[in-house]
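Structure first, then comments.
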Amino acid sequence: MVGTIPIAWVLTLAAGLFCIGLFGALSRRNTVGILMGIELMLNSVNINLVAFWRYLRPMGTAGLTFTVFTIAVAAAEVAVGLAMVIAIYRARQTINADEADTLKG
Amino acid sequence: MNYVVLTIFFLLSALTLGSGIMVVTVKNIIHAALWLISTFVGVAALYMLMEAEFLAIVQVLVYAGAVSILVLFAIMLTRQITGTGTRQLHSRWWVAMLTAAALFGGVIVPTVWQQGSSWDKTASDAQAILVQQATEANGGTRPEIIPVAGTEELGAALMGEYLLPFEVVSLLLTAALIGAILIAFEERTRRRRVLTLAEELALRKRGIVEPHDEEGAVVPVDAEQAV
Amino acid sequence: MTYWPVIAVDAWIGLVLVSIIKVTLILVGGSLGMMFLTWYERRAIAYMQDRRGPNRVGPQGLLQPVSEAIKTMTKEDITPLDADRVVHFLAPVVMLGATVLAFAVIPWGNLFPSSLRVGVLFIFAVTGLHTVGMLMAGWGSNNKFALLGGMRGVAQMVSYEIPLLMALLPIILLSGSLSLTDIVTRQGDWYGFGWYVFSPVGLTAFITFFIAALAEGERTPFDIPEADSEIVAGYLTEYGGMKFAVFYLSNYMTNLALCFIMASLFLGGGNGPGVTALGTVLGGLLSLVYFFIKALALFFLMVLIRGTVPRLRVDQLMGFAWKFLLPIVLVNVFSTAIWVAITRWGPQAQIFTDWFGEPASDNYLRYGVAIVVTLIINLLAVYAVMRINRRQPSDLTEEEIALGLAG
Amino acid sequence: MLKTEELQVNIGPQHPSTHGVFRMLVTVDGETLVDLKPVFGYLHRNHEQLGEVNSYLQNMPFTDRLDYFNSMVNNHAYARAVEQLAGIEVPERAQYIRVIMDELSRILNHASALGFLLGDMGAWQTSLLWGLREREKILDLFEYVSGARMMCNYSRFGGVARDIDDYFISEVKKLMQGLPRYFDEFERLLVENEILLVRAKGVGVLPKELALSYSVTGPLLRGSGVPYDVRKAEPYAVYDRFDFDIPVGTVGDVYDRFLVRVEEMRQSYRILEQALQQMPEAEGGHINPKVKQQSLKPPVGESYARVESPKGELGFYLVSDGSGSAYRYKVRAPSFINLSALADMCKGYKIADVVVILGSIDIVMGEVDR
Amino acid sequence: MTLSTRKGTVNIVEVNRHDNNIHAGQGTLKGLDIVFRKFRKALFGKANTERDDTEGQFNVQYPEERLVLAEAYRNMPILLYDDATGQELCTSCFQCERVCPPQVIHITQAKHPETGKPVPAAAEFVLEYDTCMSCGYCAEVCPFDAIKMDHDFELSTADHPALDVHYTHLLRPVSYYEAIAPTMWAEVRDAALKKLQNNIKRRPGNIGVDHGQKIAGKSSAAAPKAATPAAGAAGRKQYTGPIAKVGTSMSEDKLARLMAIREANTGKRGGPPESGAHAIEADVATNAAGQVAPSDQATSGSAASKATGPVAAPGKNMSEDKLARLMAIREANKAKQGE
């Protein structure tokens, strides 16, 4: 079904998403915004994994398994990240990354 | 080349990339989170297109249904700081843009397109092997449907070949859960607690005169000791 | 193995057309079903309250929902002044979209099986998107009650999704498939009465699933997001006219879908006596009838509960999900594993074969042992959970009350 | 929970469960209630001033509008105040009639109040409609005897407006055949319901000492464990001839008030049984014919008469300067005084409990605002 | 537990909080069971009409089915006139105006056209239906049984000024009241009619004669006379019990009665003015809709003064006015004693 599309297109799409995520993670002041950028990057990695699985090893399960792991890890990352955001907010009344500049909580 | 599939692919690409751009550029952070959901759904549809249906559903379930809601909740809990009035981007956002653009145009795309043809060849080889196997299994004629690894294989792999990573990931999730709770929750004793009438009376009966904090709220006794 | 049809290019147009027709049918059928359900619920609850219910418009008031639909359509469409207009507008669309997607994979009796291999998961994935719509509605309305309702609703939905999916696991373990069609087919034994609800694990799963489904569908006693006596109408407060109707439609269609799913998963879907004997077409029609009867009976149970019990408080609701439902559901997964081991394991566990004989569908000894063992485990689990959770204010010492442990 | 900032929410004046035009300005921390400020007066209509302008008789129909669920009881209390003031004798038969009406009022009030309480809890009106069904049957009787369902205007000075006939008595007896069934079905419906238990037990606790210091009365006080009932504490009419119990609670929470009301309906049933049994022997007609109703001019003096209204102690205070209208007229409205305990009762509970606690007080805004 | 007080012993029962029971859902099941039982009963159409019944459909399908109103039912006062002669029972004794708690009754006494002395009849009688609280005091105090409480409760209207109801629209024949409250009328019937006879003697000309009646005699509107007794007979039959349901026949009856009354009213409006009082009436009729009360009253006041001659405007020669009224009352008393 997907075999008619060259794999390079899918990878380019993933690359674009990755770069958008990178831009977001680098340029947002808001900590939650940064987290969202990271989410985009993780998603693009997942697209890559699935694409490689589908095009190169469709009978194997390595790509699928690793995607599952990535999703799980991303969920964990978001949970901890947002918890930290809330902790920072509570301590400093701000969630802007450039204002949370002390190590002391 | 199958134009329907191609059209669907381009539409999904547009949805995913467009929403992604909105996520990083839009001013209102809540809108950014909503655009993020749209991106996730687009990615899920891409998985569906690539016949990873289980992953697509997990993507919707975890990302669109849970992660994005978590993000929205976090935004709402911290909302008065992140109103539309505040500046959302760094003053040097263009550096970030240049970096991302350079990465995209200078590194990834050339690599991908250079390697693309060889990958395509590998891919068509893999497809040919698949078709051949299916034909043999079908007794010489090419079957209507070509098998790829599905949910059952994934489950078997997670329980067999990848058992250790699976357990490690589950451990990681548990640790993250506990960590998140620990970080986000205030200590019980620090919480401001409003006593009910009965509780207040019970305290008074026991001779405990409850101290008041500066806001006039009653602070339980052990809170004082803990601080 | 997953199989995908390889279809020629020109067949795609046909596929697209068929899809469009199917989607239209689902939409029309869903809205008609919702209309019927509102009438059904109102009549049933009226009888419970010694009333008559709608009986003016049309025969027996059947056209009452139609007149109300016309009324809502002709109402003024109001958007609050400081609301986020786009989000406010899109919230009902997201809600309805998520609901309609869920209808895609429901097998309508044996006549129209669904083809998605992970149909069960699909349904919960897309209904999970309701939370997004709720949050959008609550936030976009720019209203305290709406925001409160939206947050409550999301917290509730996210919490109850866990017991809901966990209650599903036993069924997936028993049937070995994620496809609704397969699950239904596998309940066709024993003259069409091989329903999963007739085993202890299935019964526990059914009850827990039903409770969680009440919460997912925002039915009493879990209708906290729209608790009218506390927060006016929750996230619906600022909605009126057609937007409100779309929310309402989505809500009832979700309930309908949940009833269909419960009927398929636990009550054997279209299975029943005589379905296999009557052949494909007649049997299929009969199965459709069975299917609808089961779904409507489940909905009647929901209505009966709505007519009887009060609403839980929001913290009690959360406590119920996490402290009560989740442990029981987890234990149920465990006892399902035992069930499968006792009834199916031959070479894997020689000891069972030695004790109870070879695994077979007519080896009643194995089934009997499995029933007894799982029943004991489940009852013990329920008892333990109740024992642990039963700390009423009167059980607490005065000191504990004073320190606020009662709440 | 996560620390959240305090939020001020207005519950009311237009809100489904504030029982009238009542506004609660609540401050919540998350879902927990920090502060509650009751705001009322939206229904103020100068009742007490009107009572000082109107003649004594003219004021009677205005008392209907105080607690419009129990106009019979209001009439009774007001008539008693005027009778005390003017030294009017009330025939025995009239006393019995008044007692019967009072107890019927109590049943209908508790039936609907419990229904409303459960409606506030989210039970979808089933118990309310069952209660309203009984209420309708009683109201039909009121209509038969007084001419109006809710604004009965039935008492007169020295008796009641019209005598009751055999048909009325037989209908009351018939009604009483069905009432135990209603009580039973109501108890079966919800009294042991688990959700009701968790919603009502330990919620809105009003300890005995505080109940007394707030001077709340009625089921609210009895729910807190104080066996105070005007019918026993200061038996009026012919209440000293009846044998009935006072139900009291032990904890003082919403559940106790709920149960006290259920039990009070049963006790009212007992009183009705005895009253109907004793009534035929009572003499004196339905009204004292010597009283000049329209041009009543009581001697200079003051009087305070109280009855046990279903909502609590209802008192009327009258000062006469010898003219045709009262010099001072004051109503001790039970709803108003019971409502004063609301803010403190709600503190520390969840916002969803507020409406339940309010419902358990059983207020009528007509009486609160006057 | 019993408690001894000065006033005697008090039995106290502590309510059962069900603290010791294990609650494992059986309470909810009990509730579901009873609700389902109710559902079953009502589903098969069991009606709940008896007072001791607790099961079955309780509600009444209002416009088609109606509960019979109790005789004592009171909703808005009406004034009575004699069917046969058209004589109004009201003598404008002002008892009702004085007792009315919201003070919505406004009476103008009729004057003798030649002498200007008050006669025992009302020239104008205005009742503010929008403020009336139907307490029934007016009917209770009326010594001539002229004012009675109606049973018609379907009074909703968008026409607010029309709620200041004038004499012509308040009048109902005695037979109408007899139809809605037969026993209550029977109690007072003889005395009331006797008093009416006495009054008639002191009413010169057409004063105090119902206008609708005269018009009925003159023109074709004989319908009310024919219709009301029949309706009355039908109505009387149905007062078997206050809760007995009536079928569709009731609504037809009611409709017929209503139509009759309406026709009577339109007939009244259409009639030409014959005396001062009738001039007012025509005024009222032409301004039936959209007129506010004060102007209406002003018109009537001025018209009455013009017609009845040398009666001073109210407020100026108050004492004379009062004296005249007193005289009228005394004359009435004398006439009563003479009977």
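So that you can tell them apart, the chains are marked A, B, C, D and E in the order they are listed, and the count of residues begins at 1 in each.
Just so we're on the same page, contacts are C-beta pairs under 8 Å (C-beta built on N, C-alpha and C of every residue); 3 or more make two chains touch, one makes a residue touch a chain.
For clarity, every value in this text was computed on a predicted model and none was experimentally measured.
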{"item": "Chain hops separating subunit D from subunit C, counting only touching neighbours", "value": "1"}
{"item": "Per Cα centroids, the chain farthest from subunit B", "value": "E"}
{"item": "Farthest chain (mean CA position) relative to subunit D", "value": "A"}
{"item": "Which of D-E and A-B has more C-beta pairs touching across its chains", "value": "A-B"}
{"item": "Rounded Å distance, subunit B centre to subunit E centre (Cα mean)", "value": "74"}
{"item": "CA centroid of subunit A to CA centroid of subunit D, Å", "value": "64"}
{"item": "Inter-chain centre distance, subunit B versus subunit C - centres from mean C-alpha coordinates, in Å", "value": "25"}
{"item": "Distance from the mean Cα position of subunit E to that of subunit C, given in whole angstrom", "value": "58"}
{"item": "For subunit E, residues contacting two or more additional chains", "value": "28, 31, 35, 38, 48, 58"}
{"item": "Sites on subunit C at which at least two other chains make contact", "value": "4, 6, 48-51, 307-309, 392, 394, 406-407"}
{"item": "For subunit B, residues contacting two or more additional chains", "value": "2, 51, 54, 58, 66, 73, 77, 147-149, 153, 184, 186, 193, 195-196, 198-199"}
{"item": "Touching residues (chain side subunit D, partner subunit B) in the complex", "value": "1-5, 29, 32-34, 205-207, 209-210, 252, 344-345, 347-349"}
{"item": "Subunit C contact footprint on subunit D (complex, rising order)", "value": "7, 9, 15-17, 31, 118-126, 129-130, 133, 189-190, 193, 195-196, 198-199, 201-202, 251, 348-355"}
{"item": "Interfacial residue positions of subunit D with respect to subunit E in the complex", "value": "54-55, 57-62, 126, 130, 133, 136-137, 140-141, 143-148, 151, 153, 161-162, 167, 171, 174-178, 181-182, 185, 188-197, 201, 227, 229, 232-235, 240, 243-251, 255-256, 259-260, 262-263, 294"}
{"item": "Subunit C - residues contacting subunit E, complex", "value": "44, 46-52, 55, 304-305, 307-309, 382, 386, 390, 392, 394"}
{"item": "Residue ranges of subunit A in contact with subunit B within the complex", "value": "1-13, 15-24, 26-30, 32-33, 35-37, 39-40, 43, 46-47, 50-51, 53-62, 64-65, 67-69, 71-80, 82-87, 89-90, 93-96, 98"}
